[in-house]
Structure formats: C-alpha cells, structure tokens
Amino acid sequence: MEYTPAEMMTAVAARELRDGEVVFVGIGLPNLACNLARATHAPNLVLIYESGAVGAVPERLPVSIGDPALVTGSLMVCSMADVFQSLLQNGRIEVGFLGGAQIDRYGNINTTVVGRYSRPTVRLPGSGGAAEIAIHAQRTVVISRLDRRAFPEAVDFVTSPGHRSKGKTRRELAMPGAGPTRVVTDKALLEVEPESGELVLSGLYPGIQTDEVKNGVGWPLRCRAHVDEVEPPTARELHLLREVLDPQRLYLKR
Amino acid sequence: MREAVAQHVHDGDTVVIEGFTHLICFAAGHEIIRQGRRDLTLCRLTPDLIYDQMIAAGCARKLVFSWAGNPGAGSLHAFRRAVETGTPPLELEEYSHFGMVARFSAGAARLPFWVLRNYGGTDLPEVNPLIRTVRCPYTGEMLATVPALNPDVTIIHAQRADTEGNTQIWGLIGVQKEAAFASRRVIVVVEELVDESTIRADPNRTLIPGFIVDAVVVEPWGAHPSYAQGYYDRDNDFYIAWEPTSRNPAALAQYLDEFVYGVRDRSEYVAKCGNLERLRASERVCAGVNYGF
Amino acid sequence: MREAVAQHVHDGDTVVIEGFTHLICFAAGHEIIRQGRRDLTLCRLTPDLIYDQMIAAGCARKLVFSWAGNPGAGSLHAFRRAVETGTPPLELEEYSHFGMVARFSAGAARLPFWVLRNYGGTDLPEVNPLIRTVRCPYTGEMLATVPALNPDVTIIHAQRADTEGNTQIWGLIGVQKEAAFASRRVIVVVEELVDESTIRADPNRTLIPGFIVDAVVVEPWGAHPSYAQGYYDRDNDFYIAWEPTSRNPAALAQYLDEFVYGVRDRSEYVAKCGNLERLRASERVCAGVNYGF
Amino acid sequence: MEYTPAEMMTAVAARELRDGEVVFVGIGLPNLACNLARATHAPNLVLIYESGAVGAVPERLPVSIGDPALVTGSLMVCSMADVFQSLLQNGRIEVGFLGGAQIDRYGNINTTVVGRYSRPTVRLPGSGGAAEIAIHAQRTVVISRLDRRAFPEAVDFVTSPGHRSKGKTRRELAMPGAGPTRVVTDKALLEVEPESGELVLSGLYPGIQTDEVKNGVGWPLRCRAHVDEVEPPTARELHLLREVLDPQRLYLKR
C-alpha cells in the first residue's frame, strides 16, 4: 500500500508512545502522532500543550498550540507558570516532541539562527518552550526530514541541548531528562548511543539503503550493532490518518 | 481606546500586550501605531503578528521575547528583516518561554529575580548576559536566574470586566495575571462590560482585581485575528495570508495604510474586515457551581 | 478511605492535610488516627482541630506550621500541652503563612528553595535555622529563603472529581494546588464523584489533574466540622465547643473514643453527629460561561 | 450616650481608614471597623482576607478569616500564593490590622510565645500572616487593650517587627512598609514618633487621664507635643455597630 513520508513518520512517532503517558505535544506531525496513538494502542495518553491545555481532545485539527479546540472539552486549563513549573520542571512530562532547522551529531537542536546570532543569515523563531522541554521531559522524540543542511556535524546555535553540549554530558549539566532518545526521519530511525551520546542509525524504513541515510547527515553516521527494519504504516493507521485525523491532508500530503 | 493609549502608553515605554494565541489585543496595538508611539521596548512571549506590525510601523526600539514566528503559517518577516538586515535597527533580548514566564512571575511578586532549573547546555546565556545563576543555600547546587520584568504598561484583552476593571478570563490564561501584577499601569480591554454582580456571582473566575487596573476599554472583536473563547474563533486565514503580506514590505505598508492608519477606530476596522460573523463562536455553555453556604 | 490511608500513609511519613479553613479533610485525619499511625511529621499552615486531635491521639512526632490556634474560639490545647509541658514530646518547625506557602511553591516547582522578602527584624530565623538568605545576582541585596517542602503524602478535600482524580475546587483554594504538586503521593477526597464530562465542561475550574492523583475517595461531609462551599457550612458551634473539650485531656480522650475510635467509618460518624442537615448550604448557583469557538 | 470600650476602639480604628484603600482585614474588631468605615466615610474600601477573599461583602459577621460568607459575592478569590506574593509582597496592601499578646515600646508584636521559645509558659498561635503584613503593608494599625502585661518594654519574641528590632530601624532592615503608625487601645491612641521609632501618647479618650494610660504600659510613655481629645463614637456609628454590624454583640459587649 502506498504512503507518503509524512504518513510513515507519523506512524513511527506514534509507536514511540506508551499508553497512559503524559505527553507534551506540538502542532503538525507530533499532534497527529499523538492522536494516532490514542486511536490505536494508547487510548489513555494525556496530551498537554504548552499553551496550558491539559487532556485535550481536539474536535478539529489544531493549527496552533493555542487553538481554542484544544481548550473546549479538555480536562484542565492551567497558567503557563504552572505548565513550566508544576508540570515540566516538576518532572511530570514523560515525553516531549521537538523539531528544528538543525539537529547535530549529539542531538543538539537549533531553532534560533542560521549563521551568527548578531547578524544571522536566517533568523528562526527561537526557543519557545523547546529549551526547557529538552532539559526536563523524561525523554524527547525529534521529528525531522533527513537533509545534510538539517543534520550538520554541529549546530550553529544550541537552542535545545542534546546529549553533549560544549563537551559536557547531560549528567554533568545536571539535566533531569534523558534527552532525545529517538530521531524520527523520513528515511530512517536514529537513536542515541548511550556511551558516546551520539546519534546512530537504529532502523531503516522499507526500501531505504543505509547510504541514503548516511548521505543525509553531516557527520560519519555509525550504525547500531543491529539495525531494525521499521514496519510501514498499517492499513488501519493509514485509514485513521487519511479519513479521520487529517482528511484535508494539511500535514500528510508529502 | 484612544484616550487609554494616549494617557498610559508613552514614547520609550516598556509595553506588554500579553495573551498566548488567545486574547491578543490587536485593537490596542493598532491604536498605538496610529498614535505614532516610538522607541518602545515591546515584550511578549510570542511577538505574533501584532508586534510584527508594530515593528514594521517603527514603534519598536527593542524586542524582549521567546518565540517569534507565525504559528503554523511561517515567519514574522518585518521582525526577520530588522534582525537579518539591521533595518530598522531592533535590539533583541531573548529567552525561552519558561524564562519569560519566570521574568513576569518575579515582576508580579516584586522580587528582583526568579529561580529556575534551565539553560544548562544551551547557548542562550551566551547571547543574553541577563540569564545568570545563583547558588542554593541548602543544597549548594547552581540554578539559573532571570531578572524581574516590570513593564510600564501591560494591556490585557479579556472576555469581560466590570467598570472597576475586575476582570474574568476563561480558556487559555497564559501569563496575563503575572504580567498585569508586574506592571506599573494596566489597561484591560474587554469584549463585554458586565455588571459588578456578574463578577461577584463567580469570584473564582476573576483573574485580575480592579484595584490594579488603570483603564477599562470596551472593544468587541478587539482581539481579531486572534480569538476570544466563547466569543469568536481565531482567523486562521488571516494568519496564513500574513505570510506573503509581511514578506513584501510594500504589501505590509499597504495593509497598515488600509487597516490601521486608514480607520479611525476598531469599529471602522471591524466594518472594513467585512464578514467577521463567520468567526462567531458556537454555544458550549458550561453549568454553574453553587457558592451557597 | 480505609484502603487509601492503609496504602498511602505510613508510620514516619511527612503528611499534609491542607485546606485553609475551607475543605479540611477531617475524615482522613480520623482514619489515620483509627489506623494508629505513628511518628508522623504533620505539615499545615493552620494545624486546626484535626491536627490537635492527631497530636492528642499520638500520631505526631513533629509539627511544621505557621498558625496554631482555634480560629475565633481559643487554643489548640493538645498542641499547647505538648509544647508547654513537653508531653507528649512534639518537635516544632515554625514559619509564617508566607513561609509555608513558599515552601509548598518550591516543592511544587521541584526547586530546592523559594525566595521571599521577609523575616527581617523577626525572631523566627533565630528559632528556625532553615530560614536562610540568598544574595540577588542582579541587585546584590539579601533576600530570605525557605527550603522546598515535598511531603510523602498530601490529602486534599474537594467538592468534586472524576474517577481519574481530575479535581475541581471553588471558594477558597488556599495552597492545595501547590501542596498536591509538591507531594510524592496525592489522595483526593470528594463530596461528589462526577462524570469526566462534568470536568471537561469547565476545564478552567480544574485545580488538580488526575495524573498526579494516587487515590480518589468519595466521602460526603468528609470535611465536617470544616466546610465545603456549596455543600455545607462550617460547624462553628463545634469549633467553639472544642475549646473546653481540648482543654480537658479526659474530655478530649472521650471525644476520640466516641467519634473516632467508636465509629467504623465516616458514614457512622455522620450518623453519630446527628443533625448535620442544619449545615446544608443554600442555593447560590452562578451562571456558566461559553467555551464555544 | 453610653458606649463600651470595644465600641470606642472600633469607631476609632474605622476613622483610620480612607475611602478606596485596600485593607488586609482580620476577624473581630478589625472586621467591624472596616465594615463600619464602609458604611460611613469609606464606601469604596476594598477588604482582603489572607484566606484569599478579595472585595468581600459578608452577609453575616464572619467568625473566621476563612468564613464562606467572605467568598460568596466577593470580587475575586485567589490562591494564598497570590495573596502573599502578588498582593502583599507586591505592595498592593495599603493598610493591615494587627493585634497581639504583647506590643512593645517600638511597636514590635509578639504572637508566638510568652517566656522561652523552647519551653514557653504560654504557647501562642504564632505568626500566621502577621510577620509579612508587618513588613509589607504600607502601614499597619494595631488594636489592643492597655495593660502592663500586654505593653512590656520589650516583647519576649518578635513575631511582627515594629520600628526598631534588635536596634535596627525598618530602613536598615529594608522593610517596604511604614509599620505600625497607630495603636488603638481602650483608653487612648498611641502613634509612632518618627525620629525615635517609639510609641507615644497622641490622643486621649473622653474622661481618661494621662496617668491611667502611662500606668497601662511597661515603659516610661512620653506624650506627643499636642495630645488630641479623641471624639467618642457618634450616634450613627453606635447605631450601625449595634443594630447592623454586630447585633448579637459578639465582639462589642465589653
């Protein structure tokens, strides 16, 4: 059965979630992945948006993390002080989703600037809640399409710290969370190698060769001892994504 | 609105128009542009379209923020041009959302700083020397700090308030309470002015007490293209259309000419926008609770 | 309640039963006494009658508090006897209300301490070495600090919750939210168990999310002689009568025999109290708000 | 017209309040004084209780600061974190009422212990919110009956700091508020002498001699250059206190 890279990424991201987990959700693929998981193996997932909506059950596809549809029918609305202090810093968030213009060898993410900070070639939006999510979420899942420019050896600016920043480990930097344990791309699944803190190839999507993946990153990508073959989206997953979750194909076209 | 802005927003002020996606007071931003305020230090977690417009209009000297994008639609191009080309010059003071929330929390508590466990491993402290550290007097560990933010004026859009400014908000409440308490002056802009008895019937719903409010302005649709839960939906088409508009300086200038300089007040703006009724909220009224004893 | 206390409250635990005058869970305190818990560190801003009873029953090793009186009626004599005569021995850790609130705030934020501008000129820091100071990294001024309070278990009484523990409280909310988020385990005791749809109809009313709650207990009149806004009034006669009762150890022991040890559970207590209906709240239902978009 | 000392104290305390002020109220005489002021010269007084009730208009005489009657029909209910951080520490409280077992020469108040802290002869309730009210309220009004034991030269324990504690002034201790500017007793009005920070006699109640007042305090009480004659309660004030505010004479009997 045919499927788009976005559909595959969403299905793979959804499988990263366990039932009952408390998830910090973003807009787009993360939101679709969470709702796909809720509709399949994780009905008790608790969706939290940094806007303050807790236990949201959006009746429509939210176009922003502050969408009113995330509030109506949710379990709780809390202030952003509570979101960051009582939920995130408190350690209650089990999974956080992150993405970014640049992700490097150690899972550091840049959403601030391409080029010099003082006079950048491209000014990106900045951290938002990403820096604290990367530090406090018990683990994070990164979603990004493979591309040498998006996966440099080292990011221009560390907005969200990964497993090694300025030569320091997360433990040395006293970060509560485990950081980006998985990177879901359009061709393969990367995961962190605990000893080195480096991202390595852990799973290949159907029909993808290892070299295609290696060519998509800016450093000599190593492979995990055993590289999995990642299952394609099931008919059920595709049905839910196409007919129920994103019927207008806002996010799943390509 | 004209009087409130004239009286409470001055050139050189530190100005906050808060509201996270929800209840962003575009009406106040437009009036500030019309009155030609200059050298403002604009603070917001998410500058959003309203600060992009104020930057384009030349109101801003400095931006204090944590996420500067057009949610789900693209970039804030006036902001990007200023930063990428240096014209107009725009000074940046950048945090993460948590850092901005902490700055408002410190301001509201009238403490000089706030403590948070954050920024280890990030490059933010290197480009913002105001992000510092403090040693815990109990554990000895080092924690991050941010300085208090105490704006000259904070403008809050809300669903309803009474004439004294006792203000009730539901749906996303963001950081409005902290911003209001941190501010020297507070302007509350509401969809609806209600009798004090409406406020007193449900006191747990009140977010801002009247005695910290300096002006109350009634401005229906004042948050458009942002939204007001229970009143109107977000105008997502407008946000999407802003991408090409702001990308093109001429188009942006024309937008300001037509919809900001070209109207006398919010009612003219609403008329000019045409069919905003399409955004009118559906009815999803909750049950009340018993305050008897 | 029996199961919840047996499972979540252990000898030697740091226990918090919060609620400022409003929603004090006497039902939980009585069950803890019945189950003979010992060596507890009891924390509350206002120990109130419930901790006076627990101290008299020998549950407490230590008290962490900020105001130990019988509001408007007199003293907590079991507490006073322990402190004034040393029998039973009771260790004290004393703050002001602000200090206790700050300790819970730090606990809820999982920070090791909280900063406040307080205690200058008072003798409290001299008798409590945990009240310390920190230097502001911006202004250089010295500010007071208190350490985080992270209880083993916090018990919150509320008007309503769903089976998952999503809890809604109105009227005085005190420091319950902070105490719950600061705690390792949370027990929610409610007047009414409601369907999830009731919670979801008014999400701004939710104070505690279910995913931090370990047990939900349904216990109508569970706060008596304290009160539950919209359900029943405070039993002020009981508070006044407690003055002579607690003043006399024999009378206090007899009260515990009759109303705590002498009943199997809350329903028997309610029956024994007789006409509690006199305290039933009048109807003062507020209007709902629109969550539509 | 006859009146009790409590009625006089309440009337005098009420006159200390200006219309529109934001007042931190206590139970008993302070509550009656505030409601008397609201019913007479200060209709726009904002009553705040440390329990979190703001703009309360109690339909019955509250017996505790957490009385449900303070919530029903109030303008706002806030958390105690907001009461102490956003209102009190923020400097929004213009007047605070305090009382205590002991008040000394410099207006320091003791509500903690009589005797040694470790093994007191009388264990009092403690600070509650009094310490921070004494430090942060723009000014405080103390209400207490004259009595040598209640007005010692120095308190056994400083719960709420006055104008000089351990030889340090409020400025030296960096206290935002002005402290206890007035002490309302059953025989006279005391006020602080700015230079010395000492409480001095500023007003005598009808029929009271200076010596009676001096005998009621444990230090050589000095008189202000000009000592006022304090007006007795008016017929209107007495009517309101007796018929409207405390008909059962809960607080005004003696």
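For this structure, a couple of remarks:
Labels for the chains are A, B, C and D, by order of writing; each one numbers its residues from 1.
Everything that follows uses one rule, which is that a residue touches a chain if its C-beta (ideal position, glycine included) is under 8 Å from a C-beta of that chain, and two chains touch if they have at least 3 such contacts.
Note that the structure is predicted; figures quoted are calculated from it, not measured.
Looking at B-D and A-B side by side, the one with more C-beta contacts is A-B. Chain C has its Cα centroid 37 Å from the Cα centroid of chain B.
Rounded to whole angstrom, the centroid-to-centroid distance between chain B and chain D, based on C-alpha atoms, equals 40 Å.
In terms of their C-alpha centroids, the spacing between chain A and chain D amounts to 58 Å. Spacing of chain A relative to chain B, judged by their CA centroids, is 28 angstrom.
For chain C, the set of residues touching two or more other chains reads 110-111, 116-117, 141, 170-171, 173, 177-178, 201, 204, 227, 229, 233-234, 281, 284, 291-293.
Within chain D, residues 53, 68, 71-72, 77, 85, 89 each touch two or more of the remaining chains.
Taken pairwise by the contact criterion, the protein chains fit none of the simple patterns, being neither a path, a ring, a star nor fully connected.
Taken together, the chains touch in the following pairs: A-B, A-C, B-C, B-D, C-D. On the side of chain D, the complex with chain B involves touching residues 22, 46, 53-55, 57, 68-69, 71-77, 82, 85-86, 89-92. Against chain B, the residues of chain A that register as touching in their complex are 27-28, 50-53, 63-68, 71-72, 77-81, 84-85, 88-89, 108, 112, 117, 119-132, 135-136, 157-161, 165-166, 168, 170, 173-176. By the touch criterion given at the top, residues 20-22, 45-46, 65-69, 71-72, 75, 79-80, 83-84, 86, 94-98, 101-102, 105, 116-124, 127, 141, 170-175, 177-178, 227, 229, 233-234, 236, 239, 281, 284 of chain B touch chain A in their complex. Against chain A, in their complex, chain C makes its touches with residues 108-111, 166, 177-178, 181, 196, 199-201, 203-204, 206, 209-212, 291-293. Residue ranges on chain B touching chain C, taken from their complex, read 110-117, 130, 132-139, 141, 143, 145, 147, 159, 168, 170-171, 173, 198, 201-202, 204-205, 227, 229-234, 281-293.
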